[in-house]
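Both complexes below contain chain A, partnered by chain B and then by chain C.
Showing the complex of A and B:
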């Protein structure tokens, strides 16, 4: 089985969302200040000419996989929006649109967009979404400047766990750039490619917060997928987490085992960009338990990795990695062809 | 550091380390016995003898502090316990139970060596016998 945990689905024009929101909100959004600003914001995070291309049906893109999780990535950018009321309306419309978009293709699944700024509302969104459709296979939580191990996210984690959905964390591209989104360390880089280079540190920061905040003790069934951040850095992070825990366990007594154990049970990383592991994979990912954390994520259609690229880079481990997404998307497996 | 020339010649032989009043409660008193450093720790519950080697990276445990520790707890709660029953390595802060030498919370493999110390009357006695403690 091939499971792609990192597809992207996008509207070609934001006006497509108008039919997925109440008329009053349509009238609010139906002007260039909104449509134009969202379009321009997307341009600020544009890394390739293909960014922003509509990915409406996905059947062609997904022809070679058995299950594909699509993240409506335009909704992730609400982490840099000033108007968070409008942002919730926007992602509600995207949630409605994306599920309709993928209905034609049996392997397509969508992530439910939620807001990091309103966890209580987000928990309701999760519960209502899964009651409406079994095509939702994950919860997409945009990164904010509040670390993921904060108690304020407990409502979201509880709802996700009760719905048996993983939480997918994917950068929106405005991190390190827009107010509200998490900053990148060192300062504000001027280019999208500089920020993209540094995105892995946001995942490292988030995993550290989840472990030391005790989130996995509170929610043992929680599954978290970090998507698009790469993965070659994981072994060194686990080593450093455990080292500091051994020294400062008394400062986080609720962390009842080495932090790496939580990660090896509850956290996954998608492969994109798989090229970063070309040299290190055999020497760093030395155990099956460690390799099992790495799931196939093509990142299509944005300079994504093909199944062949995974096979070329990961060698004899590739077939296993291509299927490692199964436990992450367990809720959806029963309905797969 | 106090040097004591006479060291027990057999594992079960005890020698006197001096009057109890010379061992303040809640501190590691380092002694050198026949060229080997040991730490004697008097607590409100008894007396303990440690070897001077942290199992992590060989740190001088006898220069550590005597403390308590945080029990495993729910998130955002601290439950302090075992006050005076734990020694913390001065190099990396690893904690060990004075009575057993075990790493608190299983943070590191291996133990601090624990020997036998006893109070007889007003005097402290020591033996190289491993792992025993008295109260």
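Showing the complex of A and C:
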């Protein structure tokens, strides 16, 4: 079984969303600069010409795989929006559009977009969505400048856990760029190249916050997938997590075991860009438990990795990795043909 | 009193923190008006916002407090007796920590009066006291032209081996730093960058990714990111193209993150070099030619193969400098790290060969204390030259 945990879908024109929102909000969004900004969502960290503008949907996108989780990435960019009220209308429309978009294709699953700025509303969105359709297979939580271990996210984690859905975290591209979005490490980075290089630090900080915040003690069934951040850095992070916990565990008594244990039980990372892991994979990802954290994510259509690229880099263990997404997307497995 | 351990192999400890004991120690090095200014208004010498991130214990080793009850790191003889002699350390790169406080100051005039006094004090009272002490003078980004002048004021002085550059909000690749780098290259002094504690505390600070960590320990896990981000920025901003002789020592930022980071940069650059127009060759090549990193805090792994993998990263044997971080709470024990952690085949390079290549022969000005047949770095396959 091949499970792709990092596909992207997007509307070609924001006007497509108007039929998925109340008329008063249609009037709000019917403005040239908003409609014209549709391409920005895919271009914030566009690095190469292979970052696709077109959106592959439906049977073509799912031809290679048995199950594909698609994130409507345009919705992630609300982490750089100033108007978080309008943002909720926007992602509600995207949720409605994406489920309709994937309806005809058995392998396609969609992530429910929620807002980090309104966890209570987000929890309701999750509960209502899963009651309407079994095609939602994850909760896509855009990153805000509040780290994921904050108690304010508990409502989202509770709803996701109750719905048996993983929380998927993927950068939008405006991190470290737009005011209000979470910062990248260091200071101001003026190139997309530098920002893309440093994106994994967002996952590092989020994982650290989830562990040191005690989130996995509160929600032992929570599954969190960090998608698009690579994974070669994971061993280094695990060493640091456990070292600091050993030094300061009396300061965080609610963290009851080495943080690496939480990560090895509850956190997954997708493969893109797999090429950066050529050295670390054979030397450091030697235990099955650690390897099981790595799931296939093509990142298609943004300069994505093919199944062949996974096999070329990960060798004998590639086939296992291609299927590692199964437990992450467990809710969907029963529906896979 | 402890005695020196007989020693045959040089050991350069690239992260030792000296302190002045009382502010009055700086009086001889301050103009009267600045002395009065600081006496009236006080001097903030710690950078971390202690009411934001309280250290859960103490920031220093309790056993590093001199018997007389003075501040840990403030007694030059005690540091020799407790740290240098028992482990046979040939040279200590002194990185004074009280100047870190200026990263939260706004008055550039006050900053430079204070930094100049610190630089002169540690030169006179530590470097001139024992030839095992080597100093990185401290400069800040408040005024790069004054920083350059301070570097030139100390250039060529015995025991001055580097420049400790404090970080504020601007990234190291920012062109505003160019006068500092120009002065460093002119003087043959490498830049040393150490975390100050201010990271993530102020609007004038650099930050970790994602937001505000909740606790001291959580923040400490990800503090390495700031060092990594500046390595990326130096490369992407073309700094090493503008200053091909510049060397940068990343102190206490860890190093296990380096291999995946450079692999990522190389991969993205290979896919589209035009995305980084100021980068002219593989990003990893800039690292090899311009960057070194200190060993402390050494990651702690449980499995032997993890240690082997950590140290087998290509080129790492030319990038690492031994460091202890004495007298801080998380000091790495030199005996343990050197004898049980660093692989034997890279031990001489990490203990002193790479330090000589980075700082020049001047870092081993106490080499006369070592058996003559082991002082020649070239005998260990290392190219030493005085920069």
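The criterion applied here is as follows: the second predicted complex is superposed on the first by the 318 of 337 C-alpha atoms of A that agree within 3 Å, B and C clash if a C-alpha of one lies under 4 Å from a C-alpha of the other, contacts with A are read in each partner's own complex, and residues count from 1 in each chain.
To be clear about the criterion, contacts are C-beta pairs under 8 Å (C-beta built on N, C-alpha and C of every residue); 3 or more make two chains touch, one makes a residue touch a chain.
Because the structure is predicted, anything quoted here is derived from the model rather than measured.
Undergrad: Mind checking the superposed model to see whether chain B and chain C fit together on chain A or clash?
TA: Aligned on chain A, chain B and chain C fit with no clash.
Undergrad: Of the partners chain B and chain C, which touch A:286 in the superposed model: first, second, both, neither?
TA: second
Undergrad: Please indicate which partner A:193 is in contact with in the superposed arrangement: first for chain B, second for chain C, both, or neither.
TA: Only chain C; A:193 stays clear of chain B.
Undergrad: Considering only the touch criterion stated at the top, classify A:250 as touching first (chain B), second (chain C), both, or neither.
TA: both
Undergrad: Quick one: is A:241 in contact with chain B, with chain C, with both, or with neither? Answer first, second, both or neither.
TA: After superposing on A, A:241 lies in contact with chain C but is clear of chain B.
Undergrad: In the overlay, answer first, second, both or neither for which of chain B and chain C A:233 touches.
TA: Second partner only, chain C.
Undergrad: Thinking of the overlay built on chain A, is A:304 touched by chain B (first), by chain C (second), by both, or by neither?
TA: A:304 contacts neither chain B nor chain C.
Undergrad: Between chain B and chain C, which makes contact with more of the residues in chain A?
TA: Partner touching more chain A residues in the overlay: C.
Undergrad: Report, please, how wide the angle is at the C-alpha centre of chain A between chain B and chain C, in steps of 10 degrees.
TA: 50
Undergrad: Please work out whether A:180 is in contact with chain B alone, chain C alone, both, or neither, and reply first, second, both or neither.
TA: Touch status of A:180: no partner.
Undergrad: Looking at A:217 after the superposition, I want to know if it touches chain B, chain C, both of them or none. Which is it: first, second, both, neither?
TA: In the superposition, A:217 touches chain B alone.
Undergrad: Please give the least Cα distance, whole angstrom, that chain B and chain C reach in the superposed model.
TA: It comes out at 5 Å between the closest C-alpha atoms.
Undergrad: Mind sorting out which residues of chain A both chain B and chain C touch, each in its own complex?
TA: Common to the two interfaces on chain A: residues 213, 245-248, 250-251.
Undergrad: In their shared complex, at which residues does chain C touch chain A?
TA: Interface residues on chain C, with respect to chain A: 56, 169-171, 206-218, 220-222, 224-226, 228-230, 232-233, 236, 254, 256-257, 259-261, 263-269, 271-272, 275-276, 279, 297, 299-301, 305-306, 308-309, 312-314, 330.
Undergrad: Which of the residues in chain A come into contact with chain B in the complex?
TA: That would be residues 151, 213-215, 217-218, 245-251, 253-254, 256-257 of chain A.
Undergrad: Which stretch or stretches of chain B touch chain A in the complex?
TA: 56, 69-79, 92-95, 104-108
Undergrad: Enumerate the contact residues on chain A facing chain C in the complex.
TA: Listed in rising order, the residues of chain A that touch chain C are 47-50, 143-147, 149-150, 175-176, 182-189, 191-194, 196-198, 200-202, 204-206, 208-209, 212-213, 230, 232-233, 235-237, 239-248, 250-252, 273, 275-280, 283-284, 286, 303.
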